[in-house]
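The following pair of complexes shares a single chain, chain A, combined with chain B in the former and chain C in the latter.
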Partner chain A sequence: MKTMRLFPLELRRLLQSRLTWLIMALTVLSPVLGLVLYKPATSTTMLSMYLANPAIAGGAAGAILFGLLAIFELDRARRSRVDILTDAVVSPLTTALTRLLALLTAAVLTAGLTMLVWLPISAGLIGSVFTGVNFLLAYLLLMGLALPLGILAAAAAYQFTRRADLSIVLFIAFCALSLTVWSAEWQLCWLNPCVWALSDDFSNFRVFRSVAWMRLTWLAALAGVWTVSYLCIRQYGKGIFGSLARSVRRIYRPAVALALLACSGTAYAAQPFIDNSNPDLTVMSFYEIPYAEGVTFLSRSAQVFPDTDAGTVTGRASYQFQNTSGQEQSISFGINPGYTISNVQANGTDVPFTVSDYQEYNEALLEVTIPAEEEVELTMEYSGFPQESMPTMQGGKELSSEYLCLENSALSPRVMNVMPGEAGYPTTIEITLPASMIAIPFSSSEAEVISENADGTRTWRYEANSAGGILYAGDYICEQIEAGGMTIEFYYGRKHQAVMAEAGAVDAVKAVVDYCTEHYGKLSYGTGDTLKLIQSRVAGGGYAVDGASLLDEADFTAANLGDVQKGGGAGEVMIHELVHQWWGLGNMFDTVDSTSPWSAEGLTVYTTYRIVKELYGEDYAREHYVDQWQQAVDDYYLNYYVRHPEYLEMLPENEQLAISNSLSQVRQYNEMPLKILKAEQLVGGEEAMDQILHDLFNRELDPMYPYLTYQEFLDACHLTEEDLNLG
Partner chain B sequence: MELNIQNVSMTYPNGKQALKGLGLDLRSPSLIGLLGPNGAGKSTLMKLLVAALTPTAGTILVDGQPLEKAERQLKARLGYLPQDFGLFDELTVTQFLDYMAALKGLKQPKAAIRAVIQAVNLEVKARVPIRTLSGGQRQRVGIAQALLGDPPFLIFDEPTVGLDPEERIHFRNLFSRTAQDRLVLLSTHIIEDVQSVCDQIVVIHHGQIRFTGTPEQLIASAAGHVGVFWEKDETQEQGLHITARVNTSQGVRCRAVADQLPPYVQAEEPTLEDAYLYLISREAAQ
Partner chain C sequence: MGKIFRYECRRLLWNKFFIGLAVVLLLYGAFVLHAVTILGVAHTAPFSPWSFGDYLSRMMPLLWIGMLFFLTFYTSPQARRTAILTDAAPMPPKQYVLVRCAAALTGGVLLSLLCMAEAAVFYGRMFRWYSWGSLLLPALVTLLPALVFALGSGWLLGRLRPWLVYVWMAVPFLLAALSLPEAFGLWNGSFFTAHPLTLGVLDPDFVLPAAVLAAQLLLLIAGILLLQIAFRAAVPPGGSITRRAVRR
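Up next is the complex of A and B:
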């Protein structure tokens, strides 16, 4: 009770210190570091650049600043000898607790102040995709909770050592651990959470849940450590152990410390987000499981019920097999490691099953023994929180009322060792979703609503033919576009509507698909009448299957659409990004060699120029493309570091990297398009170049190395590297 | 309020024995002067009484309860002014006293703060930051915080250090008034302070109590052992401790204490300071 009475006075005293206000002001300003200096979120979405990075930087800087303030404040009472007076009136344990509460309150006030200051700035920088929920959660979890962690760690260091200098060294070392060796360990980087991207157009609850888990784990751990240090506060003229022996006489004190440490340890060990998949990605033992003898796959159906509030999935799956072996057989399934399996029955009877501890490629192995009957219907139930494999790229298994992506064994257990029947792997999936969501199978299949439920949900059904399958669902807008002789179903997030409208997305899609189909040919994965172009939640790149292609939302942010290197305006950048369906996805390019101008960008920028020339005329295209390339390349050849690369190597690593990246961009976005333009002139004009590109696009692929190389391009043009020199 | 110190010893971790089997009973109302040379064990005794230290042997009883069990009750009834203390410089005098009042759990802090600010003559400085105060004014803030809430047990360690003579007289009288219904322990080097207000004196030397009693009893113990003489008359007598030398027109007049006064020394009425010095010199000789 005395602590509660003292708390307002201690807080008032703390807030009367100029140093406290200085620390608070620096913390409020610290998110600016995330805009200019410290950018751990590498994605180019608006929320990554203008929300995640400032909040993480603010959290790291704020935690360090408040940690130092805690050490200063705790040491000040001793240094100024006020503690002699206070200790004579109350126990030093009481004053320590009061000071901690005052510091924590100052941190909370600072976090609130930071949010007030940064709310209009963030809203202005982020634009139409800004939402209050993302802002609140980002500043609360990425920044706000870092401050108490810094205070607890620093206060514990001081209470153990009772020396300000030593405490500062220990605290800074603890911070440095998080910023360096632990920075890729999502549960250990207490200061700077592992957040690589925040989605602009869809929800981010998965990432926020993961950060909250990490923060609470550390909060319990550091509160436990602080409590132990609290027991070591020196009393009665005794040393650390004598004081500890005195303090633990009240048994609830060590009990609280142990309970907090136990909670933290349990939270660390039982985290539900990341699986234990074999980190060696060359091991593919699940693919080596022999097929079950005499068993063929007849059909599969699944009813999937995502809980969009909890982020969990419940499902029932049913498999029909034909077992002609006359023996029991072990059937292997891949299941998401976050799921638990129950109620496994074959032809209505419980059958034994096991789930392996070993995991590989985000799957655990479920083995079920089916009876020696010819017709077997195997049913099972599964539920849980879908886990991911890559701790540094979390968010892929986002599951909310705005977005979900259920891939393969996260959708329903994936059969691994059963030969397909005559019909392949016929599958029927039913999924029940909130009314605001549309189900989009990532294939040529179309989902339809089969029931509107009383609770406001809708059940969708679609058929497919695969042992796995991917389903996207979300609050999407679908534009039907007739282009290139097929129907393009263009799905993009509702939040992105303003940006897409401003960029003229529908016109761009039509222009690109018409142009590229006519000049280069149909997309290999768009062979049917319909092609789905689905804007996905930020995923680090796109991919395609028959009938569907994924567009990463990061390519369609307002910032990217304003990138002058890719086009003369948002609409033209939209064209650029869509051309990547042909150059980049339809035809793959090997990992970019930063010293070479050859990449997917060269052909994409060139094709964008050709489309723009067709749309807006030669003068416009020359002024906004060719002249721009030429200017950039002229400057490039005059660049001091291009002429004297030996001096570039002498620069500090950071500057070297910044200059190298900038030069590499010029090579890819300006030099190579200009080389292709020169090649166009040398091979006899646009028509000849179109034919060459058509042939390259439709060439026979080497499955071992399916990438389009510069040499292949030169060979197709009958040119050498020297022929395309621009100097 | 009653404190019983029973056979208390205190040895620091470095091996230094500060108190040896000390026994003492303190009972209110009383103003007790604690005297002793530097390193005698006075500060250690006071730290034991405010529970800043625990004795290595012996027991301290607070109203019959061992201090270990009665620590919270003791602290709730204690006013303590240590010799070497600090204040929160960023706070005003009133805010600091408000902070200390909250620590002490006072029910009506405003009235209590007003009363102690008035008692230590700091009304004009009540609302100024402590960092702007002089050394004497800071000392008065220290006294004020000790007096807050009218605690029944007060310990002052060198309370008049840094105060001007007029203030010293003021505080001496304040302590005397305060002790009318309370137990006040006053440790000081200024014998004059003790002589004028204390009703009881405790002398500690080498961690042991050498005297307990009234000032009059201490003075009486030195009767016949104090005298004056001219320096020119001095012979090399053993056991004569000069306590003062005064230059006069006729030469240097010396004041001394001794077990046996030599013939050339003219006996004088002892003062409390003479008595204290006599006691200490006798202890040293033994």
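Up next is the complex of A and C:
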């Protein structure tokens, strides 16, 4: 009661302090650090650059500032040597609780102010893909919840030590731990959440859930620690243990502390987001499981029911096997480690099964014993929160009413040790989704709606032929484009419509596919008639299978489309990114060697130049491409570190890497296209170069090393490296 | 006089504000050195006078603000309220102004030296480069005129209206946004990035065109003249500084 009576007085006193307002003002300003200095989210989506980074930086700076304010405020009476008097008037325990509440209220006010100030700034920077939900969640979770953590940690440190200097050192060390040693440990980095990317076009609930989990775990932990420190507040002239012994007489106090610490420990241990996959990615023991003797695969089907509100999946899978061995056989499945398997039956009878604790490549091993009958129908149910493997790149298992991607064992248990039957692995998948979502199998299969349900959902069905399979679904727009003699189905997020329209995406796709198909040949993963180009949620790269290819949304952000290094405008950068389907995905390149300009970018930029030349004329192409390359290459050769590499070698590794990466980019994006242009002149012109590139694109691949090398390019041109020197 | 100077220096430099300013300056300096200067400007070495000059130009807005903040110790309403007591000291007002300006300039110079020392440490640690003598000229022509002008103009503006000093702090940012002619290129740092490219040689020695030198001299002289006016405006104890200055 006394606390509640004192709280308004304490809050008013706190808000009358100039230091409080200075701390609040600095905290409100601190997101600017995320724009210029501290950028933990490495992706180039607009939300990563202009929302995640400022919010995380604001959270980290704000937590530190409020922590220091908390120490300053708690030490005020002692510093002024009036603590003996104030303690005589009000119990130090009551004072501590009141001060904590006042500080937390000031933190809430500051978070609100920060959001008000940064709302228009963020909206302006992010552009058409800005949404209020993302903004609110980012500032609440990435920034807002950091402030109470800072206050609790600092206040606890002071209450334990009762010395401002010592508690500042402890608090700063605790912050430094999060920013350095724990920065890649998603559950431990309490100050700076592990967020590498936020999607512009699709939802980010998975990432936000993960951050909220981490924050609440720490909130419980630090509230518990604070409560213990509260019990240690010195009273009646006693020391730390005497005061503790006195405070614990009211049993509910230590009980609350213990309950909070236990909650935190449980939350830490039982986190549902990340699996325990073997970190050694060279181990692939699941692929070494011997095939079940005499068992062949006939067909399978699955009914999948994603819960887009909870982010969970429920499903029923059914498998038909032929068992000619005359014995019971153990069938192995890969399942997502977040799923629980139940109700496993063979021909209507319960059969034993085990799920391994060992996990590998985001899969746990489910082993089911099937009976010694010739025809076996195995059914099972699975449900749970799909887990992912990479804690520093979370978000891949996003599941909401805007987007989902269910890959292999996350879609339904994947058979691992059964030989395919005559028809291979015939599969029928049915998935029930909200009406706003389109189901897109990542293959040549087409999904169709088989029922419209009363709850506003639709059930989609598609046939495939694989033991696994990937399904994308989301609030997509599909553009059908006739180009290169085939139908391109171009899927992109509805939120990206304005950006895509501005960049002339449809025209770019048509121009690229027509040009590249005519000059270099058809994509090997196109089925001949159709090709799906699917813009995915930010994933750090793309991949392709027969009939479908993935485009990472990060390549199509407004910022990337404005990158002059890749093209003269948004439409041309769009062309550049699409050309990567031929040079980069259709023909792969090995990891970039920092000493060589050879990479997928050289041929991609050159091809972009050729397409632009065809579209807008030679003068335009020369001005916006060749002249720009020349200028950049001239600058590159004059660069001090290029002329004096010994100084580059003197630099620490990080600085060296940053500079050589930047120089390497110039070489890849400017020097290499110029070299290819020179090669074009040396081999006899554009037609001859087109023929060479056509032959290279369609060459027979070595499965052990399928990459296109610089030497292969030089050999095809009958040139040497020296011939292409630009000096 | 020496005693008062030491007292004023201690008042200006031995407080949380100076330490905070120095910390901010050092942090910003580290950021500039690691993000910009390390790359070198105009194809020159990171430790060339041109790159160093560019670094100082980038630090200049903070140094300018620091210098003007020192002046707020003397021009703030609180300081003016206590002037009636301090003016009662047995010392000619002009000398007192001189001492205070010298203390503020000392503060500015110390901050500048801090920036230069940080750069020197950076060059030594990163490149094992220690020929600091070649950096004195760019430091002198960049910093001295600007700091003296900040002192003179800031003092006068602060005497007229204390809040004008805060408005004056925005000047370097305004200059950075403007496209100035080459002669005034040192005022926003564009000189260091543009001029070496016009010399037609790689790694050119540091040279100052006559026009740039004249502009800097002009700035220095203007600063000294403004200080002169400030000294003249100083009044004996009991008089009103503002009123006298306006009457003149």
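We adopt the following convention: the second predicted complex is superposed on the first by the 712 of 727 C-alpha atoms of A that agree within 3 Å, B and C clash if a C-alpha of one lies under 4 Å from a C-alpha of the other, contacts with A are read in each partner's own complex, and residues count from 1 in each chain.
What we mean here is this: a residue touches a chain if its C-beta (ideal position, glycine included) is under 8 Å from a C-beta of that chain, and two chains touch if they have at least 3 such contacts.
Computed from a predicted structure; not experimentally measured.
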| item | value |
| --- | --- |
| Partner chain(s) touched by A:Gly237 [first = chain B, second = chain C, both, neither] | first |
| Partner chain(s) touched by A:Tyr647 [first = chain B, second = chain C, both, neither] | second |
| Chain A residues touched - chain C or chain B, whichever exceeds | B |
| Which of chain B and chain C A:Thr42 touches, first, second, both or neither | neither |
| Touched partner set for A:Arg5, first chain B, second chain C, both or neither | first |
| Touched partner set for A:Asp635, first chain B, second chain C, both or neither | second |
| First (chain B), second (chain C), both or neither touched by A:Thr86 | first |
| Contacts of A:Ser318 with chain B and chain C, given as first, second, both or neither | neither |
| First (chain B), second (chain C), both or neither touched by A:Arg13 | first |
| Intersection of chain A interface sets (partners chain B, chain C) | none |
| Interface residues, chain B side, partner chain A - complex | 12-13, 47, 50-54, 75, 78, 80, 82, 84-91, 95, 98-100, 102-105, 142, 145 |
| Of chain A, residues touching chain C in the complex | 37, 635, 638-641, 643-644, 647, 650-652, 655, 659 |
| Residues of chain A that touch chain B when the two form their complex | 2, 5-6, 9-10, 12-13, 16-18, 79-82, 84-90, 95, 236-239 |
| Chain A contact footprint on chain C (complex, rising order) | 31, 34, 38-40, 43-46, 126-128, 202-203 |
